[in-house]
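You will see chain A twice below: alongside chain B first, and alongside chain C after that.
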Partner chain A sequence: MTSRPLLFVAALLAGASFSAIALGQGFNPDASIRIGSLYEPQNLDNTAGAGQGINEAFNGNVYEALFQLTDAGTVEPRLVESYEASEDGLTYTFKLKEGVTFHSGDPLTAADVKYSIERVTAEASKSSRKRSLSTIAGIETPDDQTVVITLSARSISLPYNLSYVWIVNDAAGDITSAEDGTGPYTLAEWRRGSALALSRFDGYWGEAPSNGEVIYTYFTDATALNNALLTNAIDIITSVQSPDSLAQFSGNPSYTVTEGASTTKELLAYNDRVAPFDNVKVRKALARATDKARLLNSIWGDYGTLIGSFVPPTDPWYVDLTGVDAYDVESAKALLAEAGYPDGFTFTLDTPDYDPHPIVAQFLQTEYAKIGVTVNINIITANEWYTKIYQERNFEATLQEHVNHRDIVFYGNPDFYWGYNNPDVVKLIADAEAAGSEAEQFEKLTEANKIIAEDAASNWLYLYPQIVVSAANVTGYPVNGLNSQFFAYDIEKAQ
Partner chain B sequence: MALPFKPRYCCDTPRARTSAILAYTLRRTLILIVSLFVAAVVLFVLLRLLPGDPANALLGVGATPQQIEAARAQVGSDQPLHVQFGTFIGNLARLDLGTSFVSRASVLEEIGNRMSVTLPLTALGFLIAITLAVPLGMLSAIRADRWYGAAISVISQLGIAIPVFWVGILLVTLFAINLRWLPSGGFPLRGWSNFGEAAIGMVLPALTIGLVMGASLLRYVRAATLDVLGSDYLRTARALGAGFTEALVRHGLRNGAVPVISILGIELATTFLGAVVIERVFSLPGLGSMLLLAIQQRDYPNVQGVLFVSTLLVLIIGFAADLAQRLIDPRLRGRTRVEA
Partner chain C sequence: MSDVAASPNRRRGIVSLTLMAGIMLVGLHIAIGLLTLVWLPYEPNAFTGGRLEGASLAHWVGTDRLGRDLFTQLMIGSRIALTVGLGAVAIGATIGVSIGILAAFASRWLDDALAATLDILIAFPTLLIAMLVVAASDTASLGSAIVALGIALSAIVARLTRILAKRVLVMDYITAARTSGSSWPKIVAIHVLPNIWPTLSVNFALQFGLAVIAEASLSYLGLGAPPPNASWGRMLQEAQGTVYTAPLGAIAPGIALVSLAIGVNLLADGLRARIDAARTLS
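Right after this comes the complex of A and B.
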């Protein structure tokens, strides 16, 4: 008789565990997610020239910021519980979330936030975001949970700009080879040239990750990266860079191919300071002489997007401007003649030596020959590009890929390498930053966007596709990879 | 049976032999040091001749002039060349290869990490090459008149003609993608402490190196064996009653080994430096991929460090090959001239 209740309990337990499995634990909460990437970080500090790979591995995973740029492109509070701006827009008061601790166990305080922001704005910082935080005039910490930032000029993008500022423990010291962040993962292991492993941080303040560890494996060769996915050595490729390889994944039920929204723009940047590119008609003529659809198709097949200006569709001030200087060889010739170059001219195109620039340069050479313009292709290394073009502005025209989100502001800086200087645009971009509302900011930037397109400030060739390929049993990864981020905490791997 | 006479060479007594070898080792070491210094100077000059500032490795689009200056000061590229050179040589003398501009990691430590991949890879590839080339090369020479002798020779020609990365891709396609026997590449995160995985990961890349290196080695072994077969001393030994195999092993191997060792030394050095292609195909974190990345980033301390250490290794390989030849062949010991 005693065995009956036991049996009954056993049956109950069995039923309960069955339903737990049926009810949605379809994924393994301790799974190891293996991510393959071509972008190995050079060190672990995003203010010390580590490259885009560190954003991919660490943003939102190991380090968090006051705000987070989500994969959908919105800016949301992260370590901030609430915040308010003063009437004049010059003082921001941030209340920090309670109960947040660093991986070392120290609690998050206002002093850490002050330290972290000053790390980016410091003299020695190599952060590309330094300039956008230059309006910060002072940081006060009235108590452990409150940070007050005063600005020298209104800056509507402050929350957005703060989304790049990792909150680091002020006691951490050098973080080029170690970390102390607040994110859902800690750094477990790093082998240079090969891989970087993150493991779940059990003291995380927020929702626990859907997996136990994440391993980023780095490749220098795109074929080797694809082979790794084909042989089940990795689960996800963060960003496919070889269009030819897509055929082996698309249409195969074992893999999922996703095309997200990218912010990487391929452009022919003229030196707008020098003749003949100081002439808007010449710039428009070259834009009209470029069959961008054919170019994009020859490089990426059916992937990628045509753009009519520097602004990708994920920026809030996007408008479709592809019709402004649409492909039209006859009108290009007419414009060149009006500009005083009926027989064309010759220019040197400084071309970075890595893909896709050399192919794009050859394409342009053929295209422009049709309107009498001769292109001399000069192949240079990325390093030479930086010295010759970015620093010395010693060039006529160049090819470059610009990866950032919301970077139209470069056209508001007449001192930028391409030397575009339209006072209306400079004013619109400055006014947009000082705007009292997002609506006003968006309106001004949309206006600026239209003007740079009309001026053909540069020749925006196409927007790269952002393609993620994964094994079919893996879901929940970000598809847009804005600013190279790759949040791993929602990734689920089927049991 | 042994020869009834003993040929006489310069250093015939054991003592004379030892002192001749010692003297040679000393001279050869001196040359090694001088070569190393010359290599260091050439390295320094060549790297500085390239356009672009090394400080750019630290900067991105958006850098201000102050950031650029700060970066130049950090990497020392704002110093005059002779100051940079003095620092460079001084550090080398103390075996301090500096820290990387980009990763800020110790160059020597990083080279050590990478060596734990490149050295076993090269050694294993080399072993496979010798294991294939020596017996097959001898066989194809001895049995040159048979179909298989000719076949070995033809196949080895093919092996020489095929580029090494293509052999790698073929092996990956066959053994990793189609058969799923071996991984397509990569090295475990925790390195050799995960021995099984690391060793399995070495199989395909080492096989690739072994096959390609073995093919060219085979031709030299074959040529050396043919030389020996046609030599007077072999005929004499046989005339004195030695069997073919005995004559070949006793007298032929030693004589044939001398030219083959020269080639082995060169092949080993080439493979060591050429492993970069293999490392790329198989995503191995070896010395080659470190060099390639460092060159792209103009990371001078890393480039200098890798080139210096690999130059040192190549010189040591040459040294070892020369020494081995002198140990094998007494005729070479008496030579005063040193082939560097």
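Right after this comes the complex of A and C.
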């Protein structure tokens, strides 16, 4: 292992920005920041199936929400001045910030907030967050600065869930190719297939951005993206997908490579409904037969993080569970024998055809052969995965990357594709949502987290790193990229 | 006059050189392929080294991301490529020659229909037909890849057989055989096949090369033999992302693939030249 001059940034470092590096040097307040990305949005509306690219470009930059999920993983008020929940937790009253205007010049009012939430919960909305807002029973606007939300059941995550709801001007109409938000940037130009340009909004209510404009340029392959940075056609790559392209940048003083925390987890998901995976001993045996450290090194070199459950370190209910079912081939064999499979068994692993899944599948095939378990690899497309596994649950085991933040709640849903059904966990996760305080919520989810790890509900292989590469004269960008966000307003470019 | 007499000899000299090179390259792959049945440097899927190691005495062409020995995989790749090539050509030849002969003997309208169908099939790229066949079968396997390529190649063989057979069928000795009461299976066996065989065999060698490259393409696209079968195409695909840091991972299977394809083509060229020379002499 060669050591590389890598600026490692601990995930939980608050603020998590590099502005300190530009020490002593002035930055250009009108600089143009050129960002290279692989994720071009399909359209500009996050409730119309635009893809993760729109979050990257627009969240916090063009649109703001009542609350903001910060790069450090905390939820903080954004367009909300103050808020309070009633004693029974079923009524939330939000006071909006004064003096906020949309890019079109209209002032922010409570009616806009009501409109914006209803956009997400509407029948036609394709937002992945629709379900988490389903407890909202009514929204009232007693005056222009006050929004009252009533719930059908307690929902401690309401502020967090509202951080996904863009506040849009209720007069904006269709926003699939235009925008009207309150953020520090306005949309200057969108050239479909190539670029999206944002320019500073001079009427912004908050602190002005430290750059003049931001241009997202979209690439379809990683090599072209890397070459663009090497030829100074862009300043930043938002998310590097393989450690091997980094060789060109790390160790070169012209570039900065940062590793932050992602929420993307590589998973061997069993179908817990079917034999032999309905047997906890079998699942634990496979977990113990997996040398995850070796796998992570194979895929990501010196990057990435080992996890012992579905919860990444940026979720508040994280505990280090890597010690549960640690790598131990002998005890794996013993467990298999106890479970009634002394000679092992054979199963089919449905493997999505894109990197890293096929190589991970081959790794598992070799590992499990050591305990007598035969893995038949069946390569499928992403579409086949969606119908065969996610919808029809017609599988024994599969590989998948799960990108969402705070998604342990999937284990509280026995109808989810992996079919994990532990009544204690279902209850803990439901109770956590109905908790009276965050402390209580965290406690219950931490408990649920420990149980799924003990149950080896799935085999959590590793957490992807979030790697950002930039030209050395550019600083202040977010390093964690939670929920694909990429806040651009603190980015500084040296003069 | 002496020039004319010398020319066939000189031609034969060139023929042998091409043929020799072809035989040596193909022979090397056959030898390696056979060797894998009894001996391999390492367990093919064992993690025997670190991530993306370079060439060393222990690992002649380095290791892949999982630390598996690439030379071992290359050797197995030879066996798989030869198996696929032979299998596909065998299937393509059986189907193709049968249809071609049938068309040559068939009535006018059936011949026209078959010829038109073959022309349409040939208009599709071999790889596309193979992909359709693989997609139609439930799961990708070595067998499905061989069958797919065999079917894809059969149209080309059929068209060539039909043309060659028709050319033989208008000969006087065929008319003589027919009038003397020979049945058509007998005519095919005694007169047609022996006459068209030399040209067909050259074509089979070319088809073999096509099949090897098509199999690598299928595997590259994830439609070939699934892991743990070490196909050169899959090795190329897996090495794509690491081509800057570990170029050997892509170069080595590339060279293996090209050397077999060139070997087979040289072999075919050499055979054709020898057949042509024999014809000229006779």
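We adopt the following convention: the second predicted complex is superposed on the first by the 470 of 495 C-alpha atoms of A that agree within 3 Å, B and C clash if a C-alpha of one lies under 4 Å from a C-alpha of the other, contacts with A are read in each partner's own complex, and residues count from 1 in each chain.
Keep in mind that, in the parts below, a residue touches a chain if its C-beta (ideal position, glycine included) is under 8 Å from a C-beta of that chain, and two chains touch if they have at least 3 such contacts.
All values derive from a computational prediction rather than experimental measurement.
Trainee: Does the superposition put A:I215 against chain B (first), chain C (second), both, or neither?
Mentor: After superposing on A, A:I215 lies in contact with chain B but is clear of chain C.
Trainee: Which holds for A:K427: it touches chain B only (first), chain C only (second), both, or neither?
Mentor: After superposing on A, A:K427 lies clear of both chain B and chain C.
Trainee: Is A:R131 in contact with chain B, with chain C, with both, or with neither (first, second, both, neither)?
Mentor: Touch partner of A:R131: chain B, not chain C.
Trainee: With the two structures laid over each other on chain A, which partner does A:A233 touch: chain B (first), chain C (second), both, or neither?
Mentor: In the superposed model, A:A233 contacts chain B only, not chain C.
Trainee: Regarding the shared-chain residue A:Q391, is it in contact with chain B (first), chain C (second), both, or neither?
Mentor: Touch status of A:Q391: first partner only.
Trainee: Have a look at where A:I377 lands relative to chain B and chain C in the superposition and call it first, second, both or neither.
Mentor: second
Trainee: Look at the residues of chain A and decide whether chain B or chain C touches more of them.
Mentor: Comparing chain B with chain C, the partner touching more chain A residues is B.
Trainee: Where does A:A197 make contact in the superposed view: on chain B (first), on chain C (second), on both, or on neither?
Mentor: In the superposition, A:A197 touches chain B alone.
Trainee: For chain A, which residues belong to both interfaces, chain B and chain C?
Mentor: In the superposed arrangement, which is not itself an observed complex, chain A uses no residue for both chain B and chain C.
Trainee: Which chain B residues qualify as touching chain A in the complex?
Mentor: 51-53, 56-64, 66-68, 70-71, 74, 102-105, 110, 113-114, 169, 172, 176-177, 180, 183-187, 189-191, 280-286, 289-290, 292-293, 296-298
Trainee: Could you pull out which chain A residues touch chain C in their complex?
Mentor: It comes out as residues 222, 242, 244-245, 247-248, 294, 297-299, 301, 353, 355, 358-359, 361-363, 365-366, 369, 376-379.
Trainee: What part of chain A is in contact with chain B in the complex they form?
Mentor: Answer in residue numbers: 42-43, 48-49, 123-126, 128-131, 176-177, 189, 191-195, 197, 215, 217-221, 223-225, 227-228, 230-231, 233, 381-384, 386-388, 390-391, 402.
Trainee: If we count contacts the way the header does, which residues on chain C are in touch with chain A in the complex?
Mentor: 45-47, 51-52, 65-67, 139-140, 222, 226-228, 238, 241-242, 244-246
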